[in-house]
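Next up: some structures, all given as structure tokens.
Look at the two complexes coming up: subunit A is in both, with subunit B in one and subunit C in the other.
The block that comes next holds the complex of A and B.
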């Protein structure tokens, strides 16, 4: 039993032993191995390390595919400024030149610098027909919705989008043209008539109720003190009533501004998430 | 030969003990009172009680705020749920606008502070848990409004 165990152990050790020659001859840090490792990291979504490994590979072998991939890693890490720089340096002779220019514009758009995006788009380093077929014109038009500027005519605007998306875009357009904002004047008048009503108009229900209680409560205390002959207290509570009343009218106007900012904030979020769903109306690179 | 060997060890031991005794902590250092600042910085300690002499209006407002802090707020503790607190909000409002508009902003803030039901879910918070509500949102300038979702923790006030 003992002998057979030792024989088995020795036999299996020999069978599974590593070849020494294999270890010596294979250079783990050869450019091809670096690329394999970088691709593996990219697949694992470890983009930061993948970018480093691709850069290392690039120091051995100039390769436009790798340059494009490095730029893509930065884009996938949401480092859009760096991605734009990397996409922009891809040579004109490269087969990736046009896709890189499209991704370059997209990265600038993603940085949030819409003015720069429009300037670069209009600069037209790549011919416009190529940009049109890539969907960049849709993105250009879409940028008007995000900035809140005056929109172009509806027909001119919507025609730039794919037919399947036009109904949704039309809804956005109508929102952008006539946002459902509340009126500051209305809120102030409401609060002047009934304290707190302007706040309720902006969906601040509890603020409105507490403003009503504060104004009427101090008003009653003022009236009661004057009635009882406590004039000083009457004046103190009277002053507070005026303060609460005026403050509530003013506060209703400011609440409308915040309410409108909230509505716009939600609209921009909807626009952004829709844009991401549609991959910015651009072709997908695999 | 043997004596040289002993002298060597005695010398070494002496040097070792000497260096130990030189660098050792005294009991006074070891067990004495340490002056480490264990207290937490509270808003009360960061308050600026100076008087604002730029104009009579500001002097009156700042003096009222100083008196309120000294006699009421500091004694009462850190109880305002907002950041900046209502008294700071008042001072900042007057500084950013004028005494009339600043007072209206303060009364509005005071009313909103009373709202114990809707308030907690309505404002973003700062890291210490206070509700973030700066005067810049209420100066009737739509460009100064930077809407922040209540789910966000505001790190850079």
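The block that comes next holds the complex of A and C.
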């Protein structure tokens, strides 16, 4: 009887209660408690702490699911360099090896280092057909649109994307092949012929009108002052006319650069948001 | 006899389970608190969250959330801090705890510069009968809200309602007196170009502005007198008005910049030299 009393006492001290979906033992830092707490933090989107707790769990129990989850937390925190490192160390024997490799390449892509992404893709592609079936080839091709490099032939390019996306990709391809940029030379010539016209060509209407008025206004003042015999004022306004005229030509040429950069910026933003919308064309975690 | 003993054993087991689990939770609370006191705020948040996760009896629901919020506040994560102060507020066990959480939300809003929200909260607290004995503290934090909103006259009024706060009342009053009136600088510059700059202590700029306005004003008027209407319009429009407008903008800008220096000096003192409670 005495023995059973102690057994009960010890038993109840070790396992207090089993409530809901987790077990509360006397040790809040037991591996199982660390894991359920880490899962809770992950659900709460407190990824940094979740990663710490998963790391703590790993120091007790090797577990490839947790390794994968740690890498995922870094990816969700947009820490793509760290995510790539963590995805890359998942063992070949793990059932997560293939998704980890795909996520590894995706993370490198997300760091913005496209050259490294292409290198790792080409390196990983050898004897790894799953990269093709995962949609990674689409991402590889898409990277050419982002860098502004010469694009492959249209047929070779488009065939790598899912049929449902090809029309949209074709539009992007055509844009990438022949971007609707304005010509600096044209803008300069326009402004030389009619002051301000080059600015209007780049959609800067008020700047164009101002350049027109300023050049012609100071020009007229110069002419009028010379005519009235006020030579000094004539020269001052004449110099201003030359300044406005030259500045208007130079300004139009630089405005084209800004205009083109703006167009390119919008295009890249469209590409990126489309890519995110399509989950990078990857067929995991959809 | 044996059956009786079984009952005792059963209740002992239950009691033991309850007591031991409570000790674990208490230990976790003390551990978290030690981390907080050691200013290890990141770890303190983790451990308080662990405590909340395992504390099924919700004994520390208020304290843990309050400390998590304080830790976030220390790390300048003000929105997170407010979220946890709000949870603490919902778990307050009495009016004092409720008041503390609400005041912390106000203080964090002040730091986050969502001042109008802080003032709204303080007004609603003032109207709440449960906090009728704490009107002094409410006025005190309202004063701070006005300081952060750069309304030193209103801050003076609020601090003057708190008997023990003569220091802050006088300080805010002095800052208010020291500041330049932007409207006054603007008006005198309209009447006499350059006077706004001179008012704010920028004598050279004021005289220069006056000189330009006299020169272009003279040339404009002279052109009209000489019947050179086009010259008069161009000089008046492109030069005189341009310098006149510049003088107006400059005087307002100088007054605002000088006020900013005064405010920054005052804030610097409050941050480093004032020993009372701060947001």
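By definition in this document, the second predicted complex is superposed on the first by the 256 of 286 C-alpha atoms of A that agree within 3 Å, B and C clash if a C-alpha of one lies under 4 Å from a C-alpha of the other, contacts with A are read in each partner's own complex, and residues count from 1 in each chain.
Methods note: a residue touches a chain if its C-beta (ideal position, glycine included) is under 8 Å from a C-beta of that chain, and two chains touch if they have at least 3 such contacts.
In this text the structure is predicted, and so the values were computed from the model without any measurement.
Peer 1: Contacts for A:148 in the overlay, against subunit B (first) and subunit C (second): which applies, first, second, both or neither?
Peer 2: Neither partner.
Peer 1: Pick one for A:112: touches subunit B only (first), subunit C only (second), both, or neither.
Peer 2: neither
Peer 1: With both complexes superposed on chain A, which partner does A:41 reach: first (subunit B), second (subunit C), both or neither?
Peer 2: second
Peer 1: Figure out whether A:179 sits in contact with subunit B (first) or subunit C (second), or with both, or with neither.
Peer 2: A:179 contacts neither subunit B nor subunit C.
Peer 1: Touching A:52 in the superposition: subunit B (first), subunit C (second), both, neither?
Peer 2: Touch partner of A:52: subunit C, not subunit B.
Peer 1: Now for A:62: first (subunit B), second (subunit C), both, or neither, which partner does it touch?
Peer 2: neither
Peer 1: Counting only touches as set out at the top, which of subunit B and subunit C does A:221 meet: first, second, both, neither?
Peer 2: Touch partner of A:221: subunit C, not subunit B.
Peer 1: List the residues of subunit A that touch subunit B in one complex and subunit C in the other.
Peer 2: In subunit A, no position sits in both the subunit B and subunit C interfaces.
Peer 1: Show me the residue ranges of subunit C that touch subunit A in the complex, using the header's touch definition.
Peer 2: My answer: residues 2, 5, 9, 12-14, 16-18, 20-21, 24, 28, 45-46, 49-50, 53-54, 56, 230-231, 234.
Peer 1: Which stretch or stretches of subunit A touch subunit C in the complex?
Peer 2: The touching residues are 1, 4-5, 8-9, 11-13, 16-17, 19, 24, 26-28, 33, 37, 40-41, 46, 49, 52-53, 217, 221, 224.
Peer 1: Can you check the complex and tell me which residues of subunit B touch subunit A?
Peer 2: Per the stated touch rule, the residues are 101, 103-108, 110-112, 114-115, 117-119, 122, 137-140, 142, 145, 147, 149.
Peer 1: Quick check on the complex: what are the subunit A residues that touch subunit B?
Peer 2: 204-207, 209-211, 213-214, 243-244, 246-248, 250-251, 253-254, 257-258, 260-262, 264-265
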